[in-house]
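Listed next: structures, encoded as structure tokens.
In the two complexes that follow, subunit A is the common piece, with subunit B as its partner first and subunit C second.
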Partner chain A sequence: MNTQLATYLPLAPLALLVLGALLALLLVPSVRHGDPDRTMAWHAGMVNLSALVLSVTLWVRPVIGMEPVGATGAFRATYMGGALVVDSLSLLLVALASAGALLVLPGLMAAADRGSFAHGELHALLLFAVAGSGVVASAGDVFTGFLGLEIVALSVYGLVGLDRSRPGAHEAVLKYLLLGAFASAILLLGMAFLFGATGSLSLGRLQAAAVHLPPARHGLVMLGLAAMVAGLAFKVAAAPFHMWSADVYEGAVTPLTGFMATVVKVTAFVFGLRLLVAGLAGVGTDWQPLLAALAAASMVVGNLMAMNQRKPKRMMAFSSVVHTGYMLVGLAAAAGSTGTDAVQALVVYLVAYLLTNLAAFGCLDVLERNGGLDGAMQRNPGLATAFVVALLSLVGFPMTAGFLGKYMVFSVAFGAGLGWLGVLAILSSMVSLAYYMPLLFRVLSGALPSPAAPPSLATGERVALAVSSGLVLVLGAGILAVAGWMVPGAHWVAQWALQSGAVLLP
Partner chain B sequence: MALHAPLLVAAALFSIGVGGFVARRNVFALLMCIELMLNAVNLVFVTFSRQWLSVEGHVTVLLVVALAAAEAAVALAIVIMLFRHRETLDVDVFASMKE
Partner chain C sequence: MSHVALLAWILFAPLAAAALNGLLALRSARVPVPVEGHHLRPMDRLAAGIGVAGPLAAAVAAWSLGFAFLARDRSLRLTELDLGTWFSMGQAHVTWLFRVDPLSLVMVLVVTTVGTLIHLYSVGYMAGDAGFPRFLTWLNLFTFAMLVLVTARDLVVLFLGWEGVGVCSYLLIGYWFSDAAKAAAGLKAFVVNRIGDLGLLLGMFLLFWSMAPGGQASLDIDLLSAHVTKLSVPLATAAAVLLFVGAMGKSAQVPLHIWLPDAMAGPTPVSALIHAATMVTAGVYMVARMHPLYHHAPAALAFIGSLGALTALVAATVACTQTNIKRVIAWSTVSQLGYMFMGLGAGAFSAGIYHLFTHAFFKALFFLSAGAVIHALHGEEELGRMGGLWSKLRVTGPAFVLAAAANAGLPPLSGFVSKDAILVATWNAHHPVWFAVGLLTAGLTAFYSFRLVALVLAGPPRDAHLAEHAHEAGWAMTLPLVLLAVGAVGAGVLEWPHELGGTLWFSAWLEPVFYPSLDHGVHANAVVDIILTVGSVAVVATGAAIGFSLHARDGASTGAPLTGLQGLWATVKRGWHVDEVLERVVVRPVVFSSRAAAPFLDFLLGWGARGFVQGLALAGRGLAVAQSGLARHYAMVMLGGLVALVAWAVLSGGR
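Our next item is the complex of A and B:
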């Protein structure tokens, strides 16, 4: 192959996702014979699967054009004058986003099959959301990242609004759209101030400008930083910008809620990592208190609200606000001298959070349409076991992914001099038992509903739930590394996360 | 010195947008307020672009215009759906989800 062309090979996962999404738009009106729904589902599944396989392959075996960074085996390739970057972190996000889309696909198809909405548009919009994640993943420029976030947001507005028969869908999509657009405008204003203070939105030049900032421009940077952090806090549903999340999570079909709570949130966190840790490390002492305050508020408010919810889905929405708080603890810790460790901890937490919540929302979806949670262990032991694993991981029970993530994030908080935040996070995990345990008891020993039919679920859903809850356990076994044991799957995730930290920090 | 004037206009536009977003109850009015805010940001970008003598801000403005158009397309589709469902565009009508 031509070497000039070969240097573009690292962009293959992103290119595949974008082309796959565009092709889906062409397929929707043109596939007429056979079973159009299955064709579209195959298309979406194959594009996501190929993107997943490609990004993992590129991580295992870097190709021409990917220059090594540091001694961890991390690498980076830049394109278009630095506006697009492919490094260890971008490949990880592409892998996570396409894996997330693959795992929610069976649930979404089942929801569409129940007659609520069209298949074709569903798959096209889902592919566009994943492609938007890919753009955020590869952003070497603040504005590129923002465009990626907007592609994700506009696709997800469409996905929430797709299910017209659902009672809460109209309200959910209206709130999400209006508040989302408002937050984007604030985010953009912050970007304009940042541009005014530094003269560029490229992350590389921002990094250099933030280190040698003239005191006269410091105020403008602070203003921009505050606006951008507020806008991002909305995107990740951190308190006090979380009010939309419970209504939107409740109004959307449950598999889609799972997608929003995982892929969309993780994408916004990767944008935050690139903007704050890579771009604005020079003013770390300025943004650390902002993030620490948001983290503390999210943990306190999220816990208080979650305790007062009767519907499991709303409870999960607020529990996800609490988890955002833990992730913000990791991000705040990345401002200090222990930045690489903090980024590694946060990235491991993001992976653990993604897998756990995909399993939890997936199980919740199946259980809720089959007679509720009560006594699920007697009706379908397999499904109930997956749900119990997900719940234990949300609590942070040892040997689950949630414990590994919490252990790493809380330790870096203490290491970075944020001891008070670490203590608050540990207290918050204990308090969270108050709303996870009742759910656990209902599944294990609740009274059986009168017609005790076993839940019906498609093979795809079975596979997706088995994979996500199985991976939660595999990643959770990674805690054995503390005792010097290498656990294959978990070891790779930790290695990938370490390299993500190495490419962000010089 | 000359840069202060456009920045003040932008600040006024943005404030009108935020104020309207908080005060108005019609979906169309809210969307127009968001457009006002985006245009205020565009003005800030152009002003700072002039200050730094760089084209980066100008290019960003063009992309923001494209983004606003995409957002409007999705928003209007959703407005049509809402109107068919409830025959009203008052946002207070869409507030049934509470615990």
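Our next item is the complex of A and C:
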């Protein structure tokens, strides 16, 4: 292959996602033969699977054009004058987003079968959302990141409103759209301030410009920063920018809620990492209290609201606000430390959170269709076990991914001098038991509803739930060598997270 | 078998049993339950076999390991099982390293030996229950978690066991989940233990980060112990106290003791296993395990001893007034745990652990024989309907008396030896107040133990009909009683005092563990020791005689023995109202704030939004603007947040 061309190989996962999404648009009206739904599902599945495999392959075996960064094995390749970057962190996000899409796909298809909406549009929009995630992942420029975030947001608006028969879907999509537009405007405003102060939106140049900033411009940078943090806080549903999430999560079909709570949130966090840790590292740690305040507010408000929800899905919506709080603790700690520890901890948390919530929302979806949570362990042990694993991971029980993430994040919070936030986070995770444990009790020993019908569960859903909850355990148990049999999942994630930290720091 | 293999058997036999029983539990849900009586389905028989075999295999392995250790030189009594890295990120590096040394082995022996007997007993006790295999699954899983706790070499792995036993115990307390009282008891245990866990976690993080500057950022217990003297004393004290807060929750020390009496709502074998012999002693074990840290922080040790003494006394007084058979024993357990902590506080680590060891036998016996009484009376737990059962229960009766006598500390039973060791240690460590409190508690303990014996077994029956139909249980329940009685009587041999011609085998066994710590010179003066022992025996005997004679009379009531005491009696009976006070100060605010704060928060946020939008006109109907559902309100709250962020940025950043 031409070496000139070969240097573009690292962009392959992103290109694949974008082309796959565009192709899906062409396929939707043109596939008439056979089973169009099936064709589209295969298309979406294969595109996501290839993107996942490609990004993991590139991480394991970097190709020409990917320059090593530091001694951790991290690497980076830049394109279009630095507007696009492919490094360890972007490959990780592409892998997470496409894996997330793969894991919600069976549930979404089942929802489409039950509801009255078209499969084709569903798959096209989902692919666009993942492609948008890929753009955010590769953002070397604040504007590229914004573009990616908007692609994700617009696709998800479409997805939420797809099921027109669903009560509440209209309301949800309208609310989401209006408030999302408001948040995007704030984000743009912040970008304008930032551009005005530094004359650049490139993350690499921001880093340099922030160091040599004239004192007079400092205020302008802080103003831009505050506005951008507010915009991102909406995207990740941090209090007090969280209020849309409960209504929108409830209005959407549950697998889609899972997608929003995981892939969309994680995407916004990766952008936050790039903007705050890499781009504005030169501004110093001025923005640490800002994030700490948002983290504290999210944990307190999320917990208080979650405790009072009757519907498990609304409870999960507020619980994910609490988890946003924990992730913000990690982000705030990353602001205060110079090493890679805090970024590594946050990235591990993101992975753990994504897997756990995909399992949790997936199980919730299937369980609520099949006679509710009560006594599920006796009716459908496999499914209930997956849900128990997800719940324990949400709680942060040792041996699950959730424990690992929490342990790491809380630990770096103490290390970064945010002891009060660490204490609050531990308290918050203690309090959170008050709303997770009742679900656990209901699943394990609740009374059986009288007609115990056999569950209706597609094979794809089975596989997705087994994979997500299994990975939660693999990540939680770490490298467990039993009789020579090794499960190195946690080690890989730790390594990848470490390299993600290395590419961000100057 | 190699020592490592024995350790693997100890850990994984109960886990395998839990897994197999879990599978059976899932299958048996589809098999119909016998309508009447205590019959085992074929599947239940299999579950019973597996459920007892798991801990039994672990017990056999544990005793083999013990004898293998005895044959070895003292310094070589150590076995480690390394299962690789759990996680390694940044500075945090945690390995799956399980270790048995003399201290861990004592705990392992208690958990597996007493555990096996309780498993066997519960086969008889729970027979005929619809969820029989499920019950055994959780009991096996509990045993595994407890074994992880006592063999972990890293505090993070210990925490895994710590939380594991917690979860299993909530599941077992709330076993019959339809019952609201049991669910509430489970919740209470839950809330109180969270407070303890908060302390434990903070202590762990504090230790981790305070060791970091020396390059020892690890929670490996051995590494911590080796380097703990590098910490400044205030820092070590803070960490030690925080860890002890965790122990207070798990081991039910004042004021975090309130959950334990309520946890008696669970099945009796659960009370015996979890709330007497094993889980509640985890705090005592943890403090003993971290002895170099506590040795380095004398103030923390003094705090532990004082709180232990307070707990011992308070709980003993409450135990005197209870009218429910299980609650008497539960309060007694709280009191005895306080005793153990008092021993640790005096620096007598091996005496504290020895009391833990003997207590496991006699308190399990106490609970199980009480369970057999309840079983005989078809579920009756109130003392007011018992009495006159001695002639009916030929096995349970003597077992109950032996348990009470050991609990009271009557010589030559095991309780006497271990209690005496703690009392002598407090005196020799120059803590006369603790000694006095210990002596008073010993008297009270003898009083309520024999009050219980008199009310249950002696005199004429208070309920003739119940007593008429009382019957002894089957061999699965009586055999554990007999075996535990042997332990409760005989365990005293291991530490029989020098002055009475014995050998201190138990302390010699633990010496390699506690050697660097304060355990020396405890037996300072043989004459003083004998005087102290004779004095405490006299107090105990008097207490026992009063307790028995006051309540063995015809028509003895379960209330205050003297009419003048009734007011005080009522106060003490309510646990000195600690429960109510704490309920108001701790538990209720947690529940209440969640209920109250949500509408309040919504109100606050919603009201703020409306204030912007429509002014004061709407304030009148601004009540209960819960998550109002209106996009413009949400937008207004967002705007408020933005304004706050920007204001902050301008104020702090625009220097």
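Here, the second predicted complex is superposed on the first by the 493 of 506 C-alpha atoms of A that agree within 3 Å, B and C clash if a C-alpha of one lies under 4 Å from a C-alpha of the other, contacts with A are read in each partner's own complex, and residues count from 1 in each chain.
The rule we apply is simple: a contact is a pair of C-beta atoms (placed from the backbone, for glycine too) under 8 Å apart; a residue touches a chain by one contact, two chains touch by 3 or more.
Only a predicted model underlies this, so the values are computations on that prediction, with no experimental measurement involved.
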Which of subunit B and subunit C A:R76 touches, first, second, both or neither: neither
Which of subunit B and subunit C A:P289 touches, first, second, both or neither: second
Touched partner set for A:N308, first subunit B, second subunit C, both or neither: both
First (subunit B), second (subunit C), both or neither touched by A:S411: second
Subunit B versus subunit C, judged by how many residues of subunit A each one touches: C
First (subunit B), second (subunit C), both or neither touched by A:M399: second
Which of subunit B and subunit C A:F234 touches, first, second, both or neither: second
Touching partner for A:F441 - first (subunit B), second (subunit C), both, neither: second
First, second, both or neither for A:M377, with subunit B first and subunit C second: second
Touching partner for A:L427 - first (subunit B), second (subunit C), both, neither: second
Footprint overlap on subunit A, comparing subunit B with subunit C: 174-175, 178, 182, 186, 246-247, 308
Residues on subunit B engaged by subunit A in the complex (per definition of touch): 14, 17, 21, 27, 30-31, 34, 37-38, 40-41, 44-45, 47-49, 51-52, 54, 56-57, 60, 63-64, 67, 70-71, 74-75, 77-78, 81-82, 85-86, 91, 94-97, 99
Complex contacts: residues of subunit A adjacent to subunit C: 174-175, 178-179, 182-183, 186, 215, 218-219, 221-223, 225-227, 229-230, 233-234, 240-241, 243-244, 246-247, 286, 289-290, 293, 301, 303-305, 307-308, 339-341, 344-345, 348, 377-378, 381, 397-399, 404, 407-408, 410-412, 414-415, 422-423, 426-427, 430-431, 433-434, 437, 441, 444-447, 477-482, 486, 490-491, 494, 497-498
Complex contact set, residues of subunit C against subunit A: 26, 29, 83-92, 94, 96, 131, 134, 156-157, 159-160, 163-164, 167, 170-171, 174-175, 177-178, 183, 190-191, 194-195, 197-198, 201-202, 205-206, 208-209, 212, 590, 593-595, 597-598, 601, 605, 627, 629, 631, 633-635, 637-638, 640-642, 645-646, 648-650, 652-655
For the subunit A and subunit B complex, residues of the former touching the latter: 143, 147, 150, 154, 157-158, 161, 164, 168, 170-175, 177-178, 181-182, 184-186, 188-189, 191-193, 195-196, 199-201, 246-247, 250-251, 308-311, 314
